Structures are given as C-alpha cells and as structure tokens.
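Got some structures for you, see below.
Next, two complexes with chain A in common: one pairs it with chain B, the other with chain C.
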Partner chain A sequence: MDKVLAKKDFPRFLADLQRDHQVLGPTRRGGGTSTYAKALFAPIRHAEDLEINYQSSMLSPKKLLFPDNQPIYEYEKKGGQVELRPAGEQWDRNVVLLGVHPCDLAAIACLDKLFLEDRFQEPTYQDRRGRLTLVGLTCAESTPHCFCNLMGAGPDAEGGYDLLLTDLGDRYFTRCQGAKGDKLLAADYFQEATGADQQARAQALARLEAGLPEALDIAAVVEHMKDRYSDELWQEFSEVCCACGACNMVCPTCHCFTILDRTNPDRSRGKRVLVWDPCHFERFAQMAGNASVRGEKSARYKHRLYDKLLYDPQRHGRLFCVGCGRCIEFCPAHIDLRAVLRKLEG
Partner chain B sequence: MGIRHEYVTFCHICPNHCALKAVVEDNKVLEVKAGGGTGFPVHMCSVQKGPDHVIGTINSPDRLTKPLKRKGERGRGQWQEISWDEALDTIAAKLLQVKKDFGPERVVMILGEPKGTEFAFGQRFATAFGTPNVVTPGNYCGVQNTESLRYTFGSRYIMARMDAPPRVIIVWGANLAHTGGTFSNIGRYDFNRALVSNDCKVIIIDPKNIELWPEKGMHASDADYWLRPRPNSDGILAMGLVKVIVEEGLYDPEYIEQWTVGFEEVQKEVAGFTLEEVEELTWVPKETIQEVARVYATEKPGVIGSGNALEGSTQAFQTLRAICLIRGITGNVNTPDGGHVDMIPPDYYPPGRFMIGDMKEKLWEYPRSPERTIGGGVFQLSSRFGYVPTQGLVHALLTEKPYLPKVGLAFVTNPLLTYPDSLATEKAFRKLEMLVVSELFPTATTNIADIVLPAAFMHEHDTVAYWPAWFANVRANRKLVDPPGEAWSDMRMINELAKRVGLGEYFWETEEDALDYLVKPLGMTWQKFRDEVIYLHGKSAYDPDQVAGYHTKSGKVELSCAELAKAGVDPVPCFAKLKDPLRGKFDFSDDYPLMMTNYKSEIFMLSGYRNLGLLKDKSLPPTVYMNPDTARDYGLAEGDWIYIETYKGRIRQQLALQPGMHPKVVNVEFGWGDWGLADANMNLLTDFDEPWDYPTGSVAIRGYACKVYKAA
Partner chain C sequence: MDNLYIPDLATLEQIQEETPSIRTLTLALDRPRTFNCQPGQFIEFTVFGQGEFPVSVAGVSDAQRGRFQVTIQRAGKVTKEVFQLQPGAKLGVRGPFGNGFPLEKMQGQDVWLISGGVGLAALWYLLAQLQEQRGRWGQLKLLYGARSPQDIIYQDALRALGRDQAGPQVLLTVDSAANGWSGRVGFVSQLLPDSGLDPGKSVAVVCGPGPMMKATTAALRKLGLAEERILLSMERRMQCGMGACGHCMVGSKRVCLDGPVFPLAEISNLLEEKF
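Right, the complex of A and B next:
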C-alpha cells in the first residue's frame, strides 16, 4: 500500500509512534561521548532531535540489534557453589527504528538470515527483532562512498521494512509491507498516493541512481573470485591495509565475535560478554599451539571479501555486502572495495 | 600538467604523528591519506583529522599572507601591510633598544606546542639574545610526566613496552582512541587488540565516558573498570593504589630491596591515611581501588598511560610522581616482565643542547638563573627544564614583579585562549610595549598584536620534527607546496631576526644549513634524511634476562628522591598536600554546587584549526557534558545552550547528556573562543593566580566548583 505523509504532519506521526514505542533515529550527537559529529542512532524525543537528512552513520543498526560487549551471564562463587545469573540486556519496550537507509535495511535482512532464519537462533537478536518496527528512508543523496546499486541493496528497498519513506519535498511518499506497516498507515494523516506521487518517487530514485557508481556485474565478480584465490591482486590491495579492523566494526553485516570473561582479580565473580571481533586481527584465526591460518594481512583481507561475497551467499543465500560504503569511508588507508570489485569483474 | 608526486610526511595534530601520504601536483596537494604500507607508524584516528587539517590549512582562504603592522588602537583589527624588511627591522630595533635600556630579560619568548623546529629555534634565539624568559605551556603539558619519570627512574624516555602484549593497561586522563597521550607508544591498534583480548584488563580513569574504539561504539563504560574520580583528586587516588599494593604486600620484596630506595618512606606515608579517606576525597569506592591495585600489581606486564588531564593542577607534579610510585613498586619499569621500558633516542642533535647547551659563552654572559627569570624564586624546578610557566608571565606583567616585561615574541601559540584566565591574560599582554605574533590564521592573540607575521604551515617548508622529544623518534617533514603569499617558516623568521640583532654567528645562512646541523650527528645531510631515511625511532633498552638499570643518582628506582628534597620538593608525594586542589577557592560552595572539568576536542588540535570547513563539519558545536539526572535536576535538556559559571566568569556551551558520568561533574570543552565563539572559551572559567604547583609551575585548569543554568 502506498500513501503520502505531509511533512507538517510528521510530528503527529512521530508522537503516535512514541506512544507505544521507544523511537530511535539518526541524531547529530557525535559518538555519543565525543564531538565527532557523525550521525548516531539514538533516542528521539522531539522531531528536532532527528537528523533525518543524514548521509551516513559510522555505527550501523547492527549496534542496536546485535550489541558489542553484550553481557551473556554473570557468575559469583558463593562458598563451594557457583551462582549463574543471566545478564542479557532485554528491551523493555517495543522499538521503532526510524530513518534506516535501504543498505542498512538489507544488512538487517542479512542478520535476520544469520540469527533468526537459518541454522541458529540468537536469543537477544530474536527478542529485539520481535520488538522492532523498521521505518526505512530512501536516501536524499548518495555519498562519495556509496555503492548499494552494485550490490542490489539500493537505492530503492525491495523489502525488509515495515514502512519506507521517500522525501518528496513537502511530503514523504510512504510504502508499507506487512501488518505492522498497515496498522501505522491507517492513521488519518496518511493520504492515498496519487499517480503524480508515484512519478515523483520514481524520479527521486532515478536522480539518486544517477549519482551512484556505474553498473557492475556482481555475478561475474563472484564467479571470477572462485578462480582468483591465489591472485596477486589481494596482495596489491591489502598492501596499505593497517589491519586495524575498522572495516569489520563499521560493516553492518560483519558479525564475528569472541567471548571474553571480565572477572574481578581473584576471579570470584565476573561476567561473560560477547564482543565483536575483527577478522583483520591476526589473533582472530589463531589456534592451539599459536598457529595462525591467516598470518599475512593479505590473507585476512582476502578472507573477509570471500566470506561476504562467496561463502555467506552459499550458506545464507544472499550477498553479505550491501554497498553502504562505510568500509571505504572509515578505512584510514582509503582502500576502496569498489576498485577491487571492478578488477575482479574484468 | 605537472608531474604527480607521492610524498610521505607526518601528521602533527596529535603526538602519535601518524605517517601520511600526500599526492602533490603543480604546487597543489591533491590528496592526503594514511601512510599505510610506508613502514612508518600509522595509528590513524577515526576522525582522520590529519588529512583534513593538512588539506584544509593549505587551501584555507583565512590564511595570513603578509606581515601586518597595527594601525590605530590595539584590538581594533586595523592593519597596514608591511614588507618583511620593515617588520624585521622594526622588531630588531625594539629588541636592541630594550636590551640596552633595561636588559635582555625584558624580552620574552612565548612559545606553544612544538610542531617542527620552530620551538627549538625560539629557545635558541632566547639563549643567544640573553633572556631566560621563555614561556611555554610545558607547565601543564608533559613536563610533570617526563620529569617525574626522570626523578623516579632516571629517564624521560620511559615508554610502554609493546613487544609483549600488556596484561593490564591503565589509561589515566588520556584519550587513546583520538590522540596519542603524553606518554604512549600504545598505538591505537595495539590498544584495540587489547580490547578484544581475554588476556588484558583495561582500566579507564576518566570523568568522561571516553570512546575506546569509536568504530565499535565502545566506551570507558565497556572496559573492565571505569573509575570516575573527582577532578584533580588523581594524586590521592594514586596514593590509594600505592597503599593497597604496599600494605597487601603485592610487590616483590627482593626487587624492592635490590632496586629501589625509599620504600620505608613510602610505607610511612601510606600508613598516614585510610582508604575510606581516599574514597571520600576521590569518589571512587574503596573496593574498586583495592581491585584495581590488585589487578595492576599482579598482572604483568602492566602499563599506565597518562595524559595531559593530570597535568593541570596545583599538585600536578606529585600526582605524576605518585603514579610513578605505582609503576616502580610493582617493578614495571626496565624489568624483564615490566610494562615500561627506557628508550634510547636516535642520535640527532638533542633539542635541549640545541636550545641552550651549545652556546656556553652566552649562558655565562646571560645565565638562565632564578634571579634573572620570571618566577625563578617561586618555581623550584621549572627553570631547570627551560621554561617560565604561562601564568608566571601574566603574573609578572600584572604585578610588574620581578620586573615588567617589555616585548613579547610569540610563535605557534594563542595565549588569549589557551592560558588560564583569558581576561587577565589579555589585560597582561596589553601591557607589553611590543607584541609580535607569528601565525597561520588570525586569532584572539594576533588581534592585540603590534606586528603579525604570516607563518608557513608545517607542510609548506622542510623541517625536522621531534616533538614530543621523549617519544624518542625523529621525523622528516618535507615541504609539499609553497606557502601562501609572503608567508615564511618560523625558523626563517627567527634566523633572519637573529642576523639583524647581531646574533648571526649562532644561526645559519639558510634553513637547510640549520637542518643539516640538526641531523649531522646521524652522519647524514638533511637531504639524505628527508629523501631516504624519513623517520627514525629510538631503540628499546629492554633486557629479557635482567633489570636494565636506572640512570638515577642512586642507580635505583627513587621512590623517595633525595634530589627533589635538595630542591625543596617533597621527596615522597605528601598525601595531605595532595588534597590542596580540592580545597579553598576550588571547593564546592552553596553558590557553586557542581565541579567543572574539561576535555580537549577529538576533532581539532588545542585551540587551532577551528575555522577549517573539513574539520568544522565533523565537529559538534562547543559541547558540555553532564549526567542526565543532574541535568534534569537543573531543568536542563539535551541540546540546550547553557551557561557554566565559576567565580571567575561564565561561558556558554551546548549540553549533551552522558549517562554514567559522576552526577557532580560538568565537563566543558576546551579550545573554543576564536571565530565568533568568544563566549565559549573555557579559560573564562579558570584562574591564573596562586596557588600553583610550585615544583613545575602548573596551575589549575580544571577542578573549579561551578553552577549551570539555561542560556537565554
């Protein structure tokens, strides 16, 4: 169902959402504790808190659904006994995540595959996902780092949302999917979309598409990867890599983690936490006897891309890169994944 | 189209000095990025402020491009463009007149954080000219750390030993994710690795819930321990940790016996107070202090990295000494299993000798003695380190004691924003008969200058970069492009000025000659160093088989330091005196129920570069942090513009809420004040006047009781 929401009615829409949900959206709050003013998904109290025209965020919605440093349980030794207490942080309210760009919607669909739909169900993720309403927003403009079109994840979102907004100047074109979306769209401030609205939406997305990178045959890329495991290009592209793990952390689909025990000095109490762990660190692939199967940084660089483009699609049926561009934007060495893909395509 | 070059250079915006690669064509910098693959250190902050500030500064339309002479009243912003000859002749004539009529000490060299070699040139000029009055911000930047290391362990070059991963890292008043600390060769990536390791405990001591790993959204509250002490109570906290280690016997008696002096004095000092007192004064629970002490003492190697935050208090020196006691008692320095190791710097011309030491005859003629130096009789140690504390100059100008300085020559510094008590500083500086300021951009300080000299940026001339000298590395920062207009490097200005006051024999014909002189001990020319070597790091004195030893007078770790006692400084940090920064004019009152501290921006360097679009776009406006509950109690909400007021004045910044912060702390941002934000200047809240940290001349730049209220 397609409707439009006049921008003057947006505060009413927001207030309605806030009645039954905690609303999280892009804000200009820096890192929350730093003055680095990159957009951050944080609680929205007033419409003016929203940085709705944000270009991109450093931390993707992954941080909210699959938190880093997630407590799993706490323990305490009491006499001869060990007491275990679950320590997972549950959401106590339903949550609306507002203003999620199509690339990040696609990334949530990847995480859904991984943590809900395929072999495993991750309880915290499952709980949060059940409480979540996703209000997507197509981008007003692309950034120099974007390549969602190459990965089939944008600029329009084909699914993975409850509502999807598109800015048409004085109004939002609003598309919905599923029962949650239907319910929201029933409010009287949503008007039926006209043919002109449909056309305006198509034009807005076409304009956006024109600013995105030239098309690329991703199927060919993946096919070529199968033969180029030992290619010199991996060495070439990873030469300047700092092995800092920034790309892993900002990636909306990277999901590898390790388990740490945070204990007090005599280890009589502590908590076990799940911590995001970057595969760019040598220790990531360290095994008993101190052996590492990916000691060279080129091997680690290569592995991450094979994982996203070849192994994950085999396991979960979809590409695990959504073209959000964060790995390019936040790479201190400015390594451009798009250049790697082009090289593989040809 | 010209030839495109890719050059390696180094960022100078924080002490990590990451290698950068710059693509240059036709005298234009096309791109700057991290120097991955160069083989030189790259830590790279997530903000990537290095590339932005290089490109931003080089291309900025705000640059000063011609020497300017004041027209009309001071501070009116009316200028006349003059030639370099006129500028230098005018300055030289005034210097010579003051020297003749009043003595050379009436000329004050005013320096800021060194970038390249300009700081060393300024110091050298002062020595040659005969003034002992070189004012630097060393009084609250680095000196307490390096000198406490030197008095305790016999070396300023004590760094983290990163060949073996530490098992505990304490980050104390430093922000490793965004800048290199006063001491840190804990690279950002080494630190990140520790954050995902079961083998390393991470302890953060900071009132702010600092970002540990921005790309992960990881904060101090995610660390093993996050201690939030009352601002300026860090020395007390350190002594609390020492007490636990000493009284629980968490040390190696054999090491203490063989390799330390003064353990009994320390035992005696820590017996004089209780952990309950420490808890009350620092706001850190006793149990946490005990746990942290046990972790640090038993998990080795253990590293403590401290930052500037500990250095701006009236007990700054003894605070850092107390931290050295923790390192020393646990055998963490220069031992096979310790976290810290002495570095031996590369053998280039040592800055100290360049500044002072190789002009012996000038020093005999014009000694840098306490009698001749501003504050010489007041500050027990600072003149030994070659500086006058910043507020010492302000005090001397306002009180005219020991005498009234006449001329100020300022390089790489903006005292009107960065010295405590901006109003007093401005009043004082206006008393100078001549103020000369060399700058990249107009600032609050150039605004009241008599002559403004347009400076070339660090990347617009060749220079040796060595700061912080105690990091034991030396770098070639090569010229990438020409400076704008008629801008000159500070080195060239000082070199040419020296010739005009008859001191040419102590300086050089050209800048390259000077750079050759600096790198000569390395056995090469500047050109070779710049083009082929580029960077040299010190060597580690680590010995896996034995204690590497200490270069103190006793040859041991001086827990109690006789040399300090001889200088009139407490040989062991005195617990009772460590309470001073919490008392008197700093303490809470009915009018001022909250406690102001401050932080440096993650985006800019000190007060600088705040006009550059690339950086400005990445920064929030001036931001003050408070606990959400406290804000609610005062009727304040996130995003409100609020006033923060101390007994000295008030400033206006935008409120951001930070859960987990201590409810009494108000954390304001340092460095704003230029570019239309005069009312956001943190130093309107601080006081230049006594009490001071008498050994090193530090002054309280945080820890003032305050109140907050909504700005209209």
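Right, the complex of A and C next:
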C-alpha cells in the first residue's frame, strides 16, 4: 500500500509513534567533541532531535540490536557456592527505528538470517527484534563510498521494513509492508498516493541511482572467487592492511564476537560480557601449537570477504555485503572494496 | 527465554591426576538433566572468575544424573586454573555441542583410533561405546602417542585394555624415553605402516595436535585409505560453541556446529594449512 505524508504532519506522525514506542533515529549527537560529525542512532524526543537528512552513520543500527559490550550474566562466589544472575539489558518498550537507509535495512535482514533463522537464536537480538518496528528512508544523496546498487541492496529497498519513506520535497512517499505498517498507515494524515507521487518517487530514485557506481557483475565476482582462493591477488589487496579491525567494527553485517570476564580484583564476583571481535585480529583464530590458522593478514582479509560473499550466501541465500561503504570510508589504509570487486570481476 | 550463553552449574566430584599437566575431572550437574551426549561432542567449561573453554566429553558415567568426565591439559590462562580446583568446586557447563562421530558409518568396519597427547580424551568416550556395542564393528585398534612415558594418560585403563582379550589392540609409542621404557619410540604416524590396516574395510579416527594430524593423514593416505574413511576431530579456537561467534571457522565450516568431526574429504580443501 502506498501513501503520502505531508511534511507539516510529520510531527503528528512522530508523536503518535512516541505514544506506544521508544523512537530511535539519526541524531547529530555524538559529534560534540569531534570535528568529524556523523549521525548517531539515538533516542528522539523532539522532531528537532532528528537529523533526518543524514548521509550516513559511522555505526549502523546493528549496535542497537546486537550491542557491543553487552552483559550476559553475573556470577558471585559465596562460601563454596556460585550464584548466577542473567544480566541481559532488555528493552522495556517497543521500539521504532526511524530513518534507516536501504543498505542498513538489508543488513538487518542479514542479521535476521544469522541470529534468528540459523540453528541458534541469539537471545538479545531475538528479544529486541521482536519489539522493533522499522521505518526506512531512501537516501536523498549518496556518499562517495556507497555501492548498494552493486550488491542489490539499494537505492530502493525491496523489503525488510514496515514503512519506507521517500522524501519528495514537501511530503514523504510512504510504502508499507505487513501488518505493523498497515496499522500505522491507518492514521488520517496519510493520504492516498497519486500517479504523480509514484512518478516523483521513481524519479528521485533514478536520480540517486545515477550517482552510484557503474554496474558490476557480482555473480561473476563470486564465481571467480571460487577458484581464486590461492591467488596472489589477495596478497596484493591486503598489502597495506594494518589489521586494525575498523572495517569489522563499522560493518553492519559483521557479527563475530567474544565473551569475556569483567571481574572484581579477587575474582569472586564479575560478569560475562559479549564484545564484538574483529576477525582481522591475529589472535581471533589463534591456537596453541597451530599459530598458522589465518596467521597471515591476507588470509584474514580474504576470510572476511569469502564469508560475506560466499559462505554466508551459501548458507542463507543472500549476499552479506550490502554496499554501505563504511569499510571503505573508515579504512586507514584506504583499501577500497569496490576496486577489489572490480579486479575479481575480470 | 533460555539464554544459551548462561551455563548450568556443576559440582566437581572427583579428580584423577593423569600426568603432571593433565587431570580428569568427574562433574555432576547440580540440577540433574539428561546429559544427552554423543561420543565426539564437547562442552564449554567455565571456571568462574577466570573464563571458559571447550573440552571434549571423555566419558559419561551417568547420563540420567548428568555425571560425566573431562580430561584437561594445562595450556594457558583458564586451563591452568583447573589445577587449583578441589573436589566440591562449583563450575559451569554449557552443551554438549557439536556433531559427534558418525557411528552408523563405522558399522561393520575395522576401526583404527589414532591419537596424540590429550587428543586421546576426545576418542575415549567413542572407544567406550565401540566396546559396549562390540558386535557392530570389525577389528578395533588404538594407536596412541605421547611425548614421554610420563605423559601417557589413562595408564591403568590402557593396561587393562591390553589384557582384555575382547578389547582393542593397543599400540603405544612415545616421542622420547629415558631408560626403563621397553615400548616403541617414535611418532604415532610411524606405527601405521605395520598396523595391518586394510583400506578396503577400515575407518580411521584421528585426534591430536596439528602436526600429528598432518603426519597421520599423510601416512593414512599412503596406505591407500580414502579421504571419506579418515575422520578428524578438529580443534579450533571457540567462543560460543553454537555457531554464532565466527571464531572456529575453517573455510565455510563452523567446527563447533558442522564438526568437530569431519571426514577429511569434506575439509581438506578448506584448511589454511593443508593436511
């Protein structure tokens, strides 16, 4: 179902959302002491908090659904006994995540596969995902790092949202999927979309598409990767990689983690905490007497891409890179994944 | 909601010192639940305040009560704390996890168990099951290599096995020995050429340190044993044990979930360092 929402009615829409939900969206907060101001997903109290025209965020909504540094349980040793208490931080309200771009919607669909539909359910993710309403927003402008079009994740979103907004100047085109979205669209400030609205939306997305990188045959890339595992190219690609793990941290689909102990000094009390853990770190797969498990940084660089483009897709039927470009923007060595893909295409 | 990262509490009932750096612990779950464990599976073992690590289940003495054994070698930060533990200590257990050995594939076959060091622990429960259902298999053989005579684990049980007519033939070797050792000296892979293995009707099950696995698979290939008939119990760094954290991946396989037991044929092309 397609509707439009006049921008003057947006505050009413927001207020209605806020009645039953905690609303999270892109804000300018977090850049206060940094010269490098990026949008940050955080609670929205007033319409002015919302940085709705944001270009991109450094951290994707992954950090809300699967937080870094999340406590799992606490333990306390007392006179020969041990007490355990679950310490997961649960959402006490339903949540609306507002203004999520198509690449990040696609990334949430990837995390759904990993954490809900595989042979194991991630408890925090499962809980939060069940409380979540997703209001997506197609981008107004692409960044120099974007390539969602090459990965089939944008600039339009095919699914993975309850509502999807597109800015048409004085109004938002609003597309809806599923029961949660239907319910929101029932409000009187949503008007039927006209043929002209449809056309305006198509034009906006075509304009966006024109600014994105020229086409790439991703199926050919994946096919070539199958017999290039031992290729020298991987050495070349990762030559300048300093194994900092920044790409892992900013990637909306990277999901590897470690669970560690935070204890008091005598270790009688503490908690187990889940932290994101970059597969680019050498110790990630290190073992006694067999230091060779991905000891070379090129092996780790390669593993990350094989996991996203081959292994996870084999298991889950979709690409696990969504072309958000964050790993390009934040790589201190300026490694450009798009260039790597183009080399593998030929 | 069940949180699978939170362990069950267990009590340490008994400690058996195997060698100066290896002990076998008998644990019982505090809230008895059926401990449904296949040979070859492992648990995640927590020493509270220190950390957690994966360890093979070496035996199940009472599945209904959740009483079982693990054999642990001192390797680092958390395993060294195991050597401070006294009976009565409270520990954490998650699992069992992993696929276990494909017993139906071994049906009717000769079974060669080949292990090095503490790797024997991962095959110990399998051996118990093989013996319990003795009629299902052909010849059984246990080949075991330790660094020195002092490093041999399960010494009493191995001696008893050696005396048991119906039991498997046991072949021991040590890497090096001082005076007083009358057995074989050399790597366990060197026992293979004269072990009488018939590649047409045998399955080899291998567990040990990386270099041992590599040498052993090479020796087995040389004897003409097909890669589908070589079962490896793999070891990788692990965190979650359930297929979520990514640490244990070998190529596309998750050792904790798709393994730890793999036919060599399934994994040989995925290993970073080829066997």
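In this text, the second predicted complex is superposed on the first by the 337 of 346 C-alpha atoms of A that agree within 3 Å, B and C clash if a C-alpha of one lies under 4 Å from a C-alpha of the other, contacts with A are read in each partner's own complex, and residues count from 1 in each chain.
Quick note on the criterion: a contact is a pair of C-beta atoms (placed from the backbone, for glycine too) under 8 Å apart; a residue touches a chain by one contact, two chains touch by 3 or more.
Because the structure is a prediction, the values reported are computed rather than measured.
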item: Side-by-side fit of chain B and chain C on chain A, or clash; value: fit
item: First, second, both or neither for A:K77, with chain B first and chain C second; value: second
item: A:D49 touches, of chain B and chain C: first, second, both or neither?; value: first
item: Partner chain in contact with A:D277 - chain B first, chain C second, else both or neither; value: both
item: Chain B versus chain C as contact partner of A:P86, first or second or both or neither; value: second
item: Partner chain in contact with A:E239 - chain B first, chain C second, else both or neither; value: first
item: Contacts of A:T258 with chain B and chain C, given as first, second, both or neither; value: both
item: First (chain B), second (chain C), both or neither touched by A:P332; value: first
item: Smallest distance from any CA atom of chain C to any CA atom of chain B, in Å, after fitting; value: 8
item: Residues of chain A that lie at the interface with chain B and also at the interface with chain C; value: 258, 260-261, 277
item: Residues of chain A defined as touching chain C within the complex; value: 72-73, 75, 77, 80-82, 84, 86, 88, 114-115, 118-120, 122-123, 126-127, 255-261, 263, 267-270, 272, 274, 277, 279, 284-290, 292-294, 299, 303, 306-307, 310-311, 314-315
item: In the complex with chain B, residue positions of chain A that touch it; value: 28-38, 45, 48-49, 58-59, 63, 68-69, 239-246, 249-250, 258, 260-262, 264-266, 275-278, 281, 283, 330, 332-334
item: Residues of chain C defined as touching chain A within the complex; value: 1-7, 9, 48-52, 75-76, 88-90, 92, 209-211, 235-237, 239-240, 242-249, 251-252, 257, 272-273
item: In the complex, chain B residues that touch chain A; value: 33-34, 36-37, 42, 44, 46-48, 178, 188-189, 192-193, 195-198, 208-211, 213-219, 222, 224, 291, 294-295, 298, 601-603, 617-620, 623, 625, 638-639, 656, 658, 669
